[in-house]
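Both complexes shown next keep chain A, but they swap its partner, so chain B is in the first and chain C is in the second.
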Partner chain A sequence: MQDKQTQTPKKGFDLKQLTKSRGFSAFTAALLAIALGLIFGFIVMILANPDKAISGFRYVLVGGLGRFGDVLYFATPIMMTGLAVGFAFRMGLFNIGASGQYTMGMFFALYVGFMWDLPNGIHWIVAIFAGMLGGMLWGIIPGLFKAFLNVNEVITSIMFNYIGMYLVDMIIQGNGVIYIASKSRTNYLPSTVQIPSLGITGSNVNLGIIFAIIIAIALFIVLERTTFGYELKATGFNKYAADYAGMKGKRNIVLTMVIAGGLAGMGGAFAILAPSAIAGSSMTYEPINIIAANGFNGIAVALLGSSNPIGIIFSATFISHIQRGGTLANLVGYKPEIIDIVIAVIIYFSAFAMIMNAAIGRFIKARINKRHQKTEKEAK
Partner chain B sequence: MDTIYYLIQNMLPVAIPLLLVALGGMFSERSGVINIGLEGIMLFGAFFGALFVFTIQGAGINAQLVLLMGMVVAALAGFVYSLLLSFAAVTMKADQTITGTSLNMLIPAAVLLFSKMFFNSDGITTNMGFFIRKMPVLGDIPVLGPMFFQKTYLTVIIGFVILIISVIIFYKTKFGLRLRACGEHPQAADSVGINVYFMRYAGVSLSGILGGIGGFFYSVGILDGNINGHSGVAGFGFLALAVMIFGQWKPIRIMFAALFFAFLRTLAYSIALIPFLNDLGINQTYYKMLPYVATMVVLAFTSKKSRAPKAEGIPYDKAKR
Partner chain C sequence: MENYIVEMLNITKEFPGIIANDNITLNLKKGEVHALLGENGAGKSTLMSVLFGLYQAEKGEIRKNGQVVKINNPNDANALGIGMVHQHFKLVEIFTVLENIILGVEPNKLGFLQKSEAKEKVMALSEKYGLSINPDALIEDISVGMQQRVEILKMLYRDNEILIFDEPTAVLTPQEIKELLKIMRGFAEEGKSILFITHKLNEIMEVADRCTVLRKGKYIGTVNVKESNKEELSKMMVGRDVNFNVDKKPAEIKDVVLSVKGVTVPSKHHKNNAVKDVSFEVRAGEIVCLAGIEGNGQTEFVAALTGLDKMSAGTITLSGKDITKSSIRERSVSGMSHIPEDRHKHGLVLEYSLEQNMVLQRYWQPEFQKNGFIKFDAVRKYAEGLIERFDVRSGQGPISVVRSMSGGNQQKAIIAREIDKKHDLLVAVQPTRGLDVGAIEYIHKQLVERRDAGKGVLLVSLELDEVMNVSDRILVMYEGEIVGELDPKNTTVQELGLYMSGAKRNTAKEINHAG
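The block that comes next holds the complex of A and B.
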């Protein structure tokens, strides 16, 4: 946004201006990181099984296209956790605790789903808000610790990932209505609390994805058009300058973490309240003392989308797409973990893709200038 | 008295990985690089250590010798893996926290992939007995013998030896002094001719070596020589970071912090054996949460006056003042 103000208005479409803008370089940096991640994944596939590598890699690349409903369905929770991480990033906070906030949100939604008896049509809405509340509760803690006790939010979030996971697993296992001990998973949720499906056959895609996109757009407006959003970004750029300008740093830290937690919590609610393609069943949760992976995938989503809410819509869809592809690669003998490796490599490179990108840009520019000079000389 | 012996015997093998990894974190952070990837480095070291033990276990070599060789393998593995962090964080000046996170995410997936494809399981299972029932001579000392030299692992002694070496390197050598300078004021260090990039590579590499060894010792002392990709090292890399902060980036304090956390964890997992606590009838999960909750309480009280290295987390750029 601020690019528009710094650029002098010019007539017509100017490619040079566009390629110079920050948004464009973030986009090409993301593409570079994705390309490197996929190449690395391909190499791993070749090492693991050279004969099937090509067909397996094709599944990863385009396998998701045939199941776009599923891609959107699995994109919903990681879009929310991606927003949770990305929103905090804009303030300079690393919310690695999206996982715990997600688990908490999921638990609150489950609790409302099982223990509260509400009429059809209201039940699932209340459950989503309960999920948001659960996430907020787990988000406010690192915020308070950071603002008032100077504890690094990364450590707090990690510790509360574990505390939240153990707590939720314990409460669920102790509740006879929610938990079926013999199947070591939660019971089927009543149909009143399941989010209405979008009606695509053979897929679980539901209203959740629509909500997630609306929330992303709302966040974009908050960041770009409100005082709070401006203060948040200013604090992210330079904490001391923002403090000096009279912005309430502590309040903003807590508020940011509460919002981020709420987003991740809603992600948990969307995931567990999704309708099942099979009538009479629902999504279930297995309390097996493992930290939710969707929280960590949110970090990848946020980085790929360069913490821009609109970018996150696309990056979440992309990550979900290659995840579906990874599941399909199972057909030719590859394990879906290959995608986790690709995602990790993408994060690794996106941490310095901007710098690499700039270096490549300089290199190309130098080449073009050289050629330019050459042709000028020849003309003389 | 038996309960006390039991607790100490079980606590030390838990404390050693925490101690070593926290020392590794200390070397890295005092040189100016935040190493949040210790969890991944630990698992990487543990995996290669276990893989080494797995391949050699049929050869009939003495178990303690295998442990020492596995330790070297794990250290090398940790060193190589940590180069990824130093390259990104020092040479490419990337965000250190994000890079570390990606290192943490890569390894569990890679371990699962590898183990599923080659062993058809989630990890590596070895059947080498590293457990020492009673050490010769030392185990016969009254009181101290049963505490430190019976029903234990060789890792405990090695761990304390490494602690002493670390203290000497850190405080008594030119290298240690230069390393600490790079974490406090890299510009000043550079102005007197210290190569900041090299010192930071060295700091991260030391953390890789110690992280790898710590991971292998975790697999030996806690998982009986096995390792798997699902539970990994159960957040020990992160706990070690908390231990390091609690220890205020100083080796001896880090040792006490590691013992404290190990004690809490041992307590949590041996409730059933302690009649007094078992009678309270508290759900065991509360005890499992205890180390994490204790971390938060401790950090809440110590972080206000925390003395973190001044330049940590900031990539060093010669052009900037």
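The block that comes next holds the complex of A and C.
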């Protein structure tokens, strides 16, 4: 028994250890939520059109597999915004401003793409960093407000979603190089600023997804291995205890929001700098006064991934996957909105599932403890 | 066959993971004060909640006057004449005393409140039992002792004949306690039956006829108090002999460790200052106790002392260094260890493992990190050492989630962490709050051991026994001021109570002289 007690949690391959970990229960909770969400989605599909429900549902489930490149391509920006929301959430901050940070990041990347003339091979890298900077700028402001004036970050970041979006739309529309008024969209970006493609035919998937995964792993290491991660999580769990332990709460709030903003900003850069499968074109942005949906999808991704960076890699990929499937369900006459309903239900259930899972976990633990006590007693 | 008014037979109540009541039987005679004794977590409150209808038992039955009754909610209990004064009062702060008493059973005519009728009845009861109150005062303006009277009157107004008191004396001054016990006796003589939950043996000896003891959810026994004694009861409660006296040799007082001058802290609740011009010193090798009734500025003072809150005036010097403006971390590094009042709010990150909590004050030191990366092996080794030395028990050792540990072991973990950290001054705020006798004994021993190791100890306590037994010097705080300095050897609990309730105070001159 003594040996087991001294086991290190990081060598957590032991199944018994695994089932006890928070990550495992979050994972099973997510699976449960997905299953319930899909069942509910299927019911909605049956109600909408009973004849096509099965073939439509098959598209939703496995449609994305045939287009895995696209799945990863669309997963990239929501993975980044998911990380932006999830990382801040670990500190107890609800960064609802990922949309604004994403839009700012996208704009900064666009600006560098059009207005700076840099050599091939460097241009896109600089543009990504510019995007990160833009997001950081939009993240630091709610952070400063929260840290020094105790203004709720939800309120500031919602307002900054609008400010960011209108500001960007205004500047873009006023810039003749970036904007083509006749097409009410941005011009095609030069190819030097497009992120190298991964070369999967018919898809725009690019190095961005690799970067996103590397960043997620890096964040995981920061959270689990560093003193900063220790402080950040401690603050998220119990900010009073963090104060008591002398942690610099204000600095950590600002730092966390800067990092979160930078992540979302890079997400915007990855989205706009993606290469186009059609030669001579690029991604474009339409300044039509709509808040970037990828920002809000990031909240769903973070929730489903339990704000765990590794979980977010999978949840972003999954949500992207069923979104592709939803688009394909169009082929048999379903509106793609049906998939939005399914995603909404999955998120809804994931909150329930966490509770149910915790209850089941407690129950099992209680049984084990009881048996344990009994054997202990008998041993005496 | 005795004539019992209430019989709780073979009650079993389970919560996920624990059996709070395991086959417990309790019989209440008409006209007796029946004490229910047990450590924290023994199942006293659960059992009473079953009787009051807040919980339903899985097994067992409740009888009233020999008839089996089903109590599904507090309204059922009320209808059976069962009333309860909860440990944390259930009063509407912004209502008047009268409104609170009649809440839920308001006399009305065609839906119009008949206040004067209610008032008459309340005042009659108040006079009859000597529970003087001001019916028009707002709850938020009256003292805790007064609020308790309101709770008692609530039961009487509903004509309850079985009265449950859940740890009623925890919030009272010695004088108020005395009065309450007298009132309880009076109820019993009048034929009402009292169930009195407590873990204070003195009160049981004073007021109770019989006493039922629970331990870890199990029924241990019922004794006639007159035929028993404190030692027997405590042994039944804890399961072993308990040493009530804190063994300590005379203090060897050395240099000043902490010097506090003119500390003033504004209140968060009202315009007045919560702490007013407090000055004192703590020397190495002594335990100074800051005594007082809850809410007299102790919490605010400690927050200012440890850096959790700002103060508006005054200076604090620790081992000769002015730390008035220092951050929490700087104070900690300068030699201040702090066992906080609320271990769940401040002392621990409950979701973190035991080892993570053990380094809460030290994770940033080179011993435990390199270039910002935590040295997990060092943390593990350090935590294992502390767990061993301080006998901190948990399910999985260093990787146990602290939330899953018992209160006593959580507190031991904090004490281990704060004592092992380099320090000259240990600030211990209500270190034994909510703990059982065994854990209290352990903690007192640790405090005395710190003192003997030449550290200064500032103990903030509400428990009179603790104040009298552990400290070398007592400072009494009342309404944010230090109103007296006492030597525990030359003072009585009664005198201490007079200071605590503001009835007596030294002049400032006397205090300065003594200090």
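Structural remarks
Keep in mind that, in the parts below, the second predicted complex is superposed on the first by the 340 of 380 C-alpha atoms of A that agree within 3 Å, B and C clash if a C-alpha of one lies under 4 Å from a C-alpha of the other, contacts with A are read in each partner's own complex, and residues count from 1 in each chain.
Keep this in mind: contacts are C-beta pairs under 8 Å (C-beta built on N, C-alpha and C of every residue); 3 or more make two chains touch, one makes a residue touch a chain.
As the structure is a computational prediction, the values presented were derived from the model and not from experiment.
Once chain A of one complex is fitted onto chain A of the other, the partner contacts of A:I341 are limited to chain B, with no touch recorded for chain C.
Of the two partner chains, chain C is the only one touched by A:T226; chain B is not.
Touch criterion not met for A:N120: it reaches neither chain B nor chain C. Of the two partner chains placed by superposition, only chain B is touched by A:T156; chain C is not. Counting residues of chain A touched by each partner, chain B versus chain C, the larger count belongs to B.
In the overlay built on the shared chain, the residue A:A241 is in contact with chain C alone; chain B does not reach it.
In the three-chain superposition model, chain A touches chain B and chain C at no common residue. The touching residues of chain B, counted against chain A in their complex, run 36, 84, 88, 92-95, 97-99, 101-103, 105-106, 108-110, 112-113, 116-117, 229-231, 235, 238, 241-242, 245, 283, 285-286, 288-289, 292-293, 295-296, 299-300, 303-304, 306.
Touching chain C in their complex are the following residues of chain A: 5-10, 225-228, 230, 233-234, 237-238, 240-248, 359, 362-363, 365-366, 369. Residues 44, 48-49, 94, 96, 145, 149-152, 154-156, 158-160, 162-163, 166-167, 169-170, 174, 289-290, 296, 299-300, 303, 335, 337-338, 340-341, 343-345, 347-348, 350-352, 355-356 of chain A are the ones that touch chain B when the two sit in their complex. Only residues 16-18, 306, 308, 327-332, 338, 340, 345-353, 356, 360-361, 363-364, 369, 372-374, 376, 380, 384, 395-399 of chain C touch chain A when the two sit together in their complex.
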